[in-house]
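Look for subunit A in each of the two complexes below; its partner is subunit B in the first and subunit C in the second.
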Partner chain A sequence: MNWSPENGMLLLPLALGWLAVWWLLPREKPRGRILGGLIGVAALLVLQATVLPPAGDLVHDVMFYAFAAAAILCGGLMITDKNPVYAALWFALTTLAVCGLFLLNSAPFLAAATIIVYAGAIVVTFLFVIMLAQQGGIGGYDREAFQPGMASLLSFALLATLLFSLQEWGGIDGKAADEARHGQFVSVPTTVQANLLSQAPESNPREIGSLRVLGRSLFTDYLYAVELAGTVLLVATIGAIAIAPRRSQGHL
Partner chain B sequence: MQFINDFLSGQWNWIVGMLPEAAKPYAMPGLVIFIVLNVTLGACSYLILLERKLSAWMQDRLGPNRVGPMGLLQPVADMLKLLLKEDVIPGHVNKFLFVLAPGISVFTTFLAFAVVPFGPVPKGLTAGDGQFPFIIAPGIDLGVVFIFAIGSLAVYGIILGGWASNNKYSALGCLRASAQVVSYEIPLGMSVVGLALLCGTMSIEKILLFQAERGIYGWNIWYQPLACVIFFIAAMAEAQRLPFDLAECEQELIGGWHTEYSAMKWGLFFLAEYTHVITISFLTSILFFGGWHLPFIAETTSNYSGVWMVKVGVLLAKVSVFIVVIQMLRWTIPRFRFDQLMSLAWLCLIPLAMVNIVMVMVVKQFELNEWWLLPGSAAIFLAAGLMGTQSTKPFARRVAAPIETPGHGGHGHAHAH
Partner chain C sequence: MTSTALENQLIVGAILFALGMIGFLTRRNLILIMLSAELMLHGVSVNLTAFGRYHGNPQGQVFTIFVLTVAACEAGLALSLILTLYQRRKSLDVFLWGNLGEDDLRVLSGSSSSTQPTTKVVDPNADFPHLTPAGRAPKSPVTKT
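Coming up: the complex of A and B.
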């Protein structure tokens, strides 16, 4: 990938975001949360020139900003909260906010499935474990972040690669030249790496994201990925059953 | 009947005419939400009276008969008591989550009702054409999945209520209850997959119409009787109704995750439970028993004036039958033990639902006559019953008590069953 000036526009917000998260991560000696929050807001403000979608319908925009702000805020609170129970609850709220974004982008099945699987089952399992493990108050490993600088730096490096590749992808993929020049990456891909089973996409725009179209896409365009994921899950299930101790051995 | 129609639409047009132009599109949804909320709240309070009367009848007692004629004003007295009681918030609780928990319970159960039709939903309804929609959110493509998604959030009410109470009994009750709710979500979801395959849709309105257009022999109960049983059992367990209420066990144990709740916050948990019962009954009668369809009087083709009243009446009659069945089950079946409850979900309902889905797939794939599903379901049911009996050898050890292994006897407390 070639370095372009547009990529440079992402460096400042990424650095600011890293600073904010690093400042806010739990420490033995409490730090001012306001300062960290302000740095985070500044990072978002710098970033918004690049990533924000063009203004459209008013209701849609209001809901988009509400869900997006909720997702970022709850995600930030999740990693900076000292109490692991609260962190799990913030995670649940983050999931719900992201599901709201899915709904806005006409993917209702994805939203419902994510709520059922993540908010309804996985976070509940987290909460179980945390509640059962936290009998004697908050442990030392929760009061203080482990290697906060390195952890936040690595996660922001990951975020940077994601943003850069998204920007690159948005720039080449059938976009108008001036849009690409401004580093916008907001459009959907026009082509799917299709296999032989692929069928023509639904012409009715209301149908996109519906159960019928989703099922057809999963079992034609993405057949190999779906089958592979199913096999991996099956192997994981069998492994879990094999590892779990039998009741007659007295450990369960 | 015609004059009632005319009167209602005349009044409505007069009310809408007085509204400012910007508010007009929201008038009809507002009316529907207003009606649903108030009818459900009123129905909940009288369901409590019905439940107490039925319990009394089944136990050869009189039941509440002091307030009003035949005790009919008892719900009013109950509500006043709940509202005027001292609202205790114990010390050392997490106040925010403690107050939030009953709210989550009520919110999720009411939100699930948004996609349940309570009458003949007009076909091809679009927002703003002024027809009464008989459903809060018409045209949701994923009605059933939406209900499961919202229902899976209801477990937060339980978890937060139990955890925020700062009480060991509450915490234990919440662990039990949430394990139960999370487990029974799986058979609940899987039981309707066969239905979706048969009807070709997940929308509740479309499933209803699909059955109504095919007449009484098109009701899904003929093709999916096993799925109906699984759905009903799993939904009762989701709502924590007896015989699945062992989180509370109100006769012998402390009251589960809502031990520390009092007054209206306690009442909200039970409002959620009763709303859940109403939703279950609506869903069972719509998904499996044809909804508002009844031969001769409420068909898709019948168009005498006031037919919507008959259709709503038919649907409500079916719903009341299921509510009464749920309430009578309370004094009919003994409560499950916790391990029995878990094995019922994981070892019985989930495999049965899976086999049921495979059967529907086979029938659809090989284009067999759909009536094969009726004997097929019966055969699966009988086979499962045969395998479950203790005398059948290969499956007998499942229900036997765990064997004490030698060598661990010295520290029995280490066995956390």
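Coming up: the complex of A and C.
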């Protein structure tokens, strides 16, 4: 990898983000959350200023930045909150922000399905279990993170490699460095073209996420996978019923 | 859909994935570990839909639907497992299950002992099988001379 000055511009937001997460992770000795939050917001601003230039469309940009910032901030607050109930609620907010990103990617059906499945089912059942299990208040194991420095350093090293490889690919600055390599990376491989029933061209990009196109692709190209997914759901249901504690063995 | 927007979405997905990984590694509550895994799945879903929009075909969204299905299965199984584990130890602390490893591994414990819940509830039903330590090469019957 050829080191260039543009690579160095990524290091500042990465370091600031690592510092913020490391500072905010729960400790035995409480720390000021405002300072960590300010560092985190500064990291996001630096990241936006250096590597996330606006695409040009004003409405799209404003909505994208709003949803992306909400998703990242709520995700950070979720993994750093001491109270697990609040963490589950922050996760619900993260889900809503991610659904906003789905809408921007012209996937309205997917956004609705995600809201129903996550916010309607998963978060509610997790909250139910948390409140059932922690009637005596927050346990001591929630007030202290396990090896916060090492874990956050490892994760931010992974994030740094992801961002650097994205930059190597050539797109972070909006200018594709090598057009041929660019096309090779992102073009649809012709050998994976699906069967003839789904070959109707989706000329209008707004129709990608419509139920008609999605259902046709799902039930022609991926019919076998749909059957497999249904089987997985059935097996998971049976397994969950079999694993869950019986009433005769005692109750919670 | 320009290339810049695709890049931005990929960056957001990568950040969500890294945050979920931090939560998965550091939190000690079983339920929060599961929620962090779901956060990582969110990052992957953002990537998939961004690529689907970029290519102009519905395959990214179809894949995300399958991710959603697997996430639902995982949540159901994880909740039943967590309820079973909670019934045994009356706590959601993952370190109480640190002794499930093999004998020669270091038992996980908190960095400090003050907030560590050390009271283990002895369950009469807990008759765990004794695992023979694996991963060691047996002694060679042929002795080298």
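The criterion applied here is as follows: the second predicted complex is superposed on the first by the 158 of 252 C-alpha atoms of A that agree within 3 Å, B and C clash if a C-alpha of one lies under 4 Å from a C-alpha of the other, contacts with A are read in each partner's own complex, and residues count from 1 in each chain.
The working rule: a contact is a pair of C-beta atoms (placed from the backbone, for glycine too) under 8 Å apart; a residue touches a chain by one contact, two chains touch by 3 or more.
Here the structure is a predicted model, which is why all the values come from computation and not from measurement.
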Touched partner set for A:124, first subunit B, second subunit C, both or neither: first
Touching partner for A:113 - first (subunit B), second (subunit C), both, neither: both
Touched partner set for A:236, first subunit B, second subunit C, both or neither: second
Which superposed partner A:152 touches (first subunit B, second subunit C, both, neither): second
Contacts of A:217 with subunit B and subunit C, given as first, second, both or neither: second
More subunit A residues in contact - subunit B or subunit C: C
Which of subunit B and subunit C A:21 touches, first, second, both or neither: second
Residues of subunit A that lie at the interface with subunit B and also at the interface with subunit C: 109, 113, 121, 249-250, 252
Interface residues, subunit A side, partner subunit B - complex: 85, 89, 92, 108-109, 111-113, 115-116, 119-121, 124, 127-128, 131-132, 210-211, 247-250, 252
Residues on subunit A engaged by subunit C in the complex (per definition of touch): 17, 21, 25, 28, 47, 51-56, 60, 64, 68, 71-72, 75-76, 78-79, 84, 87-88, 91, 94-95, 98, 101-102, 105-107, 109-110, 113-114, 117-118, 121-122, 125-126, 129-130, 133-134, 139-148, 151-152, 154-156, 158-159, 162-163, 166, 171-172, 174, 176, 182, 186, 188, 202, 205, 208-209, 213-214, 217-218, 221-222, 225, 229, 232-233, 236-237, 239-241, 243-245, 249-250, 252
Subunit B to subunit A touching residues, read off their complex: 140-142, 145-146, 148-150, 152-153, 155-156, 159-160, 163, 171, 175, 178-179, 182, 185, 189, 202, 402-403, 405, 408, 414-417
Complex contact set, residues of subunit C against subunit A: 1-12, 14-23, 25-29, 31-32, 34-36, 38-39, 42, 45-46, 49-50, 52-59, 61-62, 64-66, 68-77, 79-84, 86-87, 91-95, 108, 110-112, 114-117, 125
